[in-house]
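Note sheet for the following structure.
Going by the order they are written in, the chains are A, B, C, D, E and F; count residues from 1 in each one.
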């Protein structure tokens, strides 16, 4: 991929006037409240992984609609005292996989909750285990256009709510310090982390990498890759539904959640990323915390990478940054 | 595509010992009965198409679970007397589209009911309008692995039942002769027509073209194209679920429905078809009506075509054949 | 395909100074006159289609050089009184196919003449039946560079003339009202419709969809897809023939025909169309009728579609518009 | 390309029962005689190439129908005495290019006539200059299906006749020894060389490399690449014309010409060649001279090459072999 | 990828008569001895990873020619007593990456040495750090044809020797039990593990996954993917070097090393793997330990996977198996 | 490829401020001097080609480090008196091939030395014969990132020096006029010719076609094709090495060599070339001779070609231009 988006200097000041629905906050406050009304907390079951230095629990917690959502909670085997925690959301199509696949943060002394993404986890890797019990109208294969005609029905309304409930859940786990919880994720996981940071007011830190689910209009205009391209393909068929679709997406845009975030934010972006184009990331990064004052943010730039971004190179700076903020 | 499957001479005698579950008939009898218990009949609303020679109704009828399923019913504008009817099912990803897109059979004097496929209709053409209100566990994008761990949950359990209920519905329409109803379809639509022919004992005629949903094991072995390939991709992730998946698919195999068919069958097959390989079609064709005696069957072979098969060339022989059997 | 051409606001005012040869009108007047000198009219033979509501004739009429050109003429079976007619030209590589494939306009009460494209009709669908008895110099596989070194020899000189003669022919058919004839077509068919509208001064209406054969220089500059790319591929070999080629194409450009059109024009354009880029369509649309005054024009925009454009969605607005103009 | 055709041991004995039309010899004798009746001989014009060691003439000679066919004739600048000659035919889509592009055989002391292929020469390289003034019915883009419904109309009837007339022409050139003329060519050029060897009884030598235009039925069955695939694509549209097409091709098959050849034959074949599959080459090679006795033949095998075959590695063995046979 | 290789039942008994050079053992004994003569042992430097449960050392040890080879050695932070060790070799093009990327085996109580592959580590992931100071003759881009004209010069002579010296190195590390060392690796890493198991007589266990570098002749015949395809591409150019190349590869074939292995072997294979086709894996697996008696071997089969094979699903069975054998 | 780079009018004035290292001249003066210190001259051996008009010698001369570099020297068989000479460098991946493949310049009366490129010649054509005995650190497959962390180690330091030594060598050949030596080449060969023209002050003429190895930063930004893309791929893995890599490349940029050239320059450029984008060629062309005065330069533009550029069409203008300058 050659450089196809704005030059870095323009990205750094790229800001967008978001056309946000008037009832954005009402919509989300109601959604989260309704989910919490289902009650319940995380259920943990220790997994026999064969590991001696890390313990992993199989976690089930109530998400949107009280639906059971799965996750792994990995922790150092010999830790004592309440641990800071990191909730991680996953990339598009992936699942929580197997318990031994999430060792880095636990080996660094964190409680690490990896949240499955409902209905996903069959498109690579070691899979996922969480159904999405809700159906949808006609949708392009994938998840981005499920329920696209009404924000109340949209798939990511459920997923973002699951993300909030994952934070709720980890805060209830014995041995976790509920005040010291961060969220993170890459690609779709980064987009969920941004949404959760916009919905949970007392998060200290959020670290989205090459986030998806941001500035849909720009994404669709500048790139035709999937999954953003699911919107284009859907609208190329349902030519009469463009207005309804864009209205729905306006309730789900990372730029709107970013404005509301109060957590310190650590972003990463890749300049050759045609899956999550850098202008969509910067539009969100530059809006981070805009609705408050004094919200810290940083961004690491990978000039020669596509959507793989920083990969393993993210671990060390993220660890250092978590150390400062948790 | 070069010739990749068996030579024609071997295809003509290609028969497979199907490993059918013992409760196949019970499963399906229960499924259909349950759907019929929801009751209700077709609701028709005349559409303003601007056409003067053909009238089209927007149809809604109760499918699996009583869920509303959409369709178009096209008829000659000046017909009198009860008409013979053809129920048509659609190809994978497509939808019923627009009312003026289905004129051929109506212009030939038939009542033509085109059934939408639930949840589909966003991957090309003019789209579909029927939601699938049922969610699923993790699935590869598409429809073939939705609910693949249990036949009760599988997507095509619902769709095949919708297909049966479409026949029920058209038989209740004023001006349609309930004794003279055929089913047809291409690709997925052919697969549904085969299932319906296996489930509705008193159908006079069924005309599947290059049918999908037949002999899954062979399909997966000989070709890796989608949508059969969705099974492979799912199992490449969920390595532990192969047995459950194959068990579920054994309730959904065209070969099993074909054995039970009593309708005259008109198949078509394309020898270079890597989407619905000819051996999967012949395995089904050669099983057609095997559980009864005297069931007629014919097959038209397109030696130089891929999955497009006969396309427009199917119309004339199908019309002639319908004339004989309805 | 991401948005690769000008933004819509710029397209709407995109006008081009066409470098038209001085003898453009002489060239074409001579060409059409010569074809008409061959005389002859349409020969019709009723086809046994099995349809009860629509009748179809197999038509042969004299085209360029008096060469026989084939078509289908579909009409309502029970019509009386002279009918308005629509002449339709076809997309690149396609042919008139089979008689039952053209039912929509006839079912709406029109006489519908579908003209075969000489030499084409072997690259998909149900094929064509009209030879092009004229050979050519070396040409890139396809049709756009056949005879490219001299406008007198160019393939589209013959095809556009066939298009004019198709209008002449339908006007001679019993039961057709010669004053109420429109032309239409998609892609190549749209380009032919534009040429015919520029050459036949008394056409009431022309409806080109995503037209090809417009603003070749821009097309070649902004996209490398076939068939426009045939020009580039030819010139990449025949490096010494660029001037001759561009001179020839200047006699064949939709922009020049559009200026001369007096018919009301209904265009459609797709913003992600890399086969017939939107700027080449708008350059032509914005020139429509410019040589006269008071020529009506409208354009429907499909923002999320590629070259498939509006597909079935074109039928209803086109029908309404034809109703106003015929 | 992995090894997709028969193993070498089977290729070496691969023989095919050709279904040859009864009037094959009559058809071709008439065709060649008719071409020769047009009379005329080669016209030569010295080209200013800037070369000091090689002279090149621009040649025009009468081909099929007396149509002018172009070529280059390259010879050593300082030769005296009549020279042996090699007539070379070209690969699909290519043309004679530029005069300095054909120096090897002339630098080795041969008169080297490179024959343009009518209508071709716009699909790469430096192009061709010979029109094909004959049109055709609908054909898939390319040349193999032009005139495919009647052997009298087929494109290769004209080209093979041009090939014979090229031999006639070079034999009339001053300074060429008419008894010492060989034919050669690669891919399509090899197929033409085989045809010419079957039609000119007194040729001493023919050297086809990875020849095209041999055993069409096998080619179409085992590979779907172009240009053999043009047949499949044509028949996938014109489903009703398969018999006519195969009949026409039976007049044009290298296997039939090879049987009649009396020249010594030097073939080359590449085992990974999916353009001209090795079994089609061996079927022809194994038939070489079968209608006579004592016809010599050799074949060089390239086990790790695709259609590029021996490329530059052919020069030295071909030169040595020509030295023996001319 | 459809099933393109032998069916499983045939794979299970697929044995190959290897044409092994007479001096195979001499060649390798001399090679290893020469490398050991360079002396030296591993140098370790503790890395600041930020991890609390795992410690990682940056390791440099002398490989072939005494050249410095890099690796990471990861161990549990709180272990005491000598640990069993696993040496892991890497896939083609990859490098040792970053220290925190190798936590699983250390978290399970093993010393885990990850060996960089000389010259590799620039084609994805987090990179490698080990130069290959030796040049080569002309080679297809990649590593498989470097030095292919002479076994003494071949790249994998150096790499396999590095692999042996990695075992030597880890056995010298304080806190590692030298008697309890296993080797493992995936793809290229599996191929190296097999070679090392054939060269180090006292290894208790070797676990190659979907190994590369086995039965080159079969690989090249049945698949054209890279990197096996590098051989074909090289030989397609250097047509005269096939014998020399095959002779060189006969010193480097996993089948020959496997025969000599005495370690217990745990293989895995994927039936749709076109990179390392299952027949090449089974040919090696079925030869495992054939030169001795009583050598244990097991193989896990992934029927629906390509070259990704078992991925994360390998961890648990490998851990259990290591527990039995170390 | 559509037009993706600057329009021609902007290219014609496109100039770049090169960030050249201060010790550029010292670095290269030292490099060349060191190579010359190894001494030695060309060794020639007459090849038995079977040609009668051209003689070819197999040449070995000392290159960088005194390493033996191979070439062919082709000359007219009957020439007398000292000949002007042309040294030609080769495209990426290719080798000198076979002796009869280089006849054009010799047939025009020149001594023509074709220099093999060390380590290359296995990726197509007839191959190369020159090893590169120097290894490298981790590099992306190919040659552009070998030794990229230090200019002293970079692969092209060696190749450019070989190029200078080829000129030295041909000047020592009996029968060659040392004052009348030009350099030429296409793609990589053009890049080497530019470097040699910048390093050898008394060359009369240099003719690079569509040159590679120019303005790396622009190339990487505007196109992602290989081989320029090797830089991007390397840096996408070795995220920490960007500065070192760009520093190394600043010693190897055609723009810097072009400034220092004193030879007359004949460039060619193709406007659709995405391998060697036209802006990188023009940036170099516009810098040609800038450090001196009165340096002649010309450029031929191919507006409809990709990287194939002028191909055979280059011969005649190059010959005419050489006639003027040698």
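What we mean here is this: a contact is a pair of C-beta atoms (placed from the backbone, for glycine too) under 8 Å apart; a residue touches a chain by one contact, two chains touch by 3 or more.
If you're wondering where the values come from, they're calculated on a predicted model, not measured in any experiment.
Q: Among the other chains, which touch chain A and chain D together?
A: Under the touch definition, chain A and chain D have B, C, E, F as mutual neighbours.
Q: Half is the threshold here, strictly exceeded: which of E-F, D-E or C-F has more than half of its contact pairs identical to A-B by residue number?
A: Over half of the A-B contact pairs recur in E-F.
Q: Report the chain whose CA-based centre is farthest from the CA-based centre of chain A.
A: D
Q: Any idea if chain B and chain D meet via the same residues, over half in common, or different ones?
A: Since fewer than half of the residue numbers are used by both chains, the interface counts as different.
Q: From the centre of chain C, which chain's CA centre is farthest?
A: E
Q: For the Cα fit of chain D against chain E, please give the angle of the superposing rotation, nearest 5 degrees.
A: 120
Q: Quick check: how many Å separate the C-alpha centres of chain A and chain E?
A: Measuring from centre to centre gives 38 Å for this pair.
Q: As a quick test, compute the distance in whole Å between the mean CA positions of chain A and chain C.
A: Each chain's C-alpha centroid was found; their separation is 50 Å.
Q: Using mean C-alpha positions as chain centres, tell me how far chain B is from chain F in Å, no decimals.
A: 63
Q: At least two partner chains per residue is the criterion; list those residues in chain B.
A: 125-126, 313
Q: Pairwise, which chains touch?
A: A-B, A-C, A-E, A-F, B-C, B-D, B-E, C-D, C-F, D-E, D-F, E-F
Q: Please output the residues of chain E touching chain F within their complex, sorted ascending.
A: These residues of chain E touch chain F: 93, 95, 119-142, 145, 233-234, 237-238.
Q: Inside the complex, what are the residues of chain E that reach chain D?
A: Its residues touching chain D are 220-224, 232, 235-236, 239, 242.
Q: Mind pulling up the chain D residues that touch chain E in the complex?
A: Residues 1-3, 272, 302-306, 308, 310, 313 of chain D touch chain E in their complex.
Q: Could you pull out which chain F residues touch chain D in their complex?
A: It comes out as residues 49-54, 76-78, 97-98, 100-101, 103-104, 106-109, 125-126, 311-313, 315-316, 319-320, 323.
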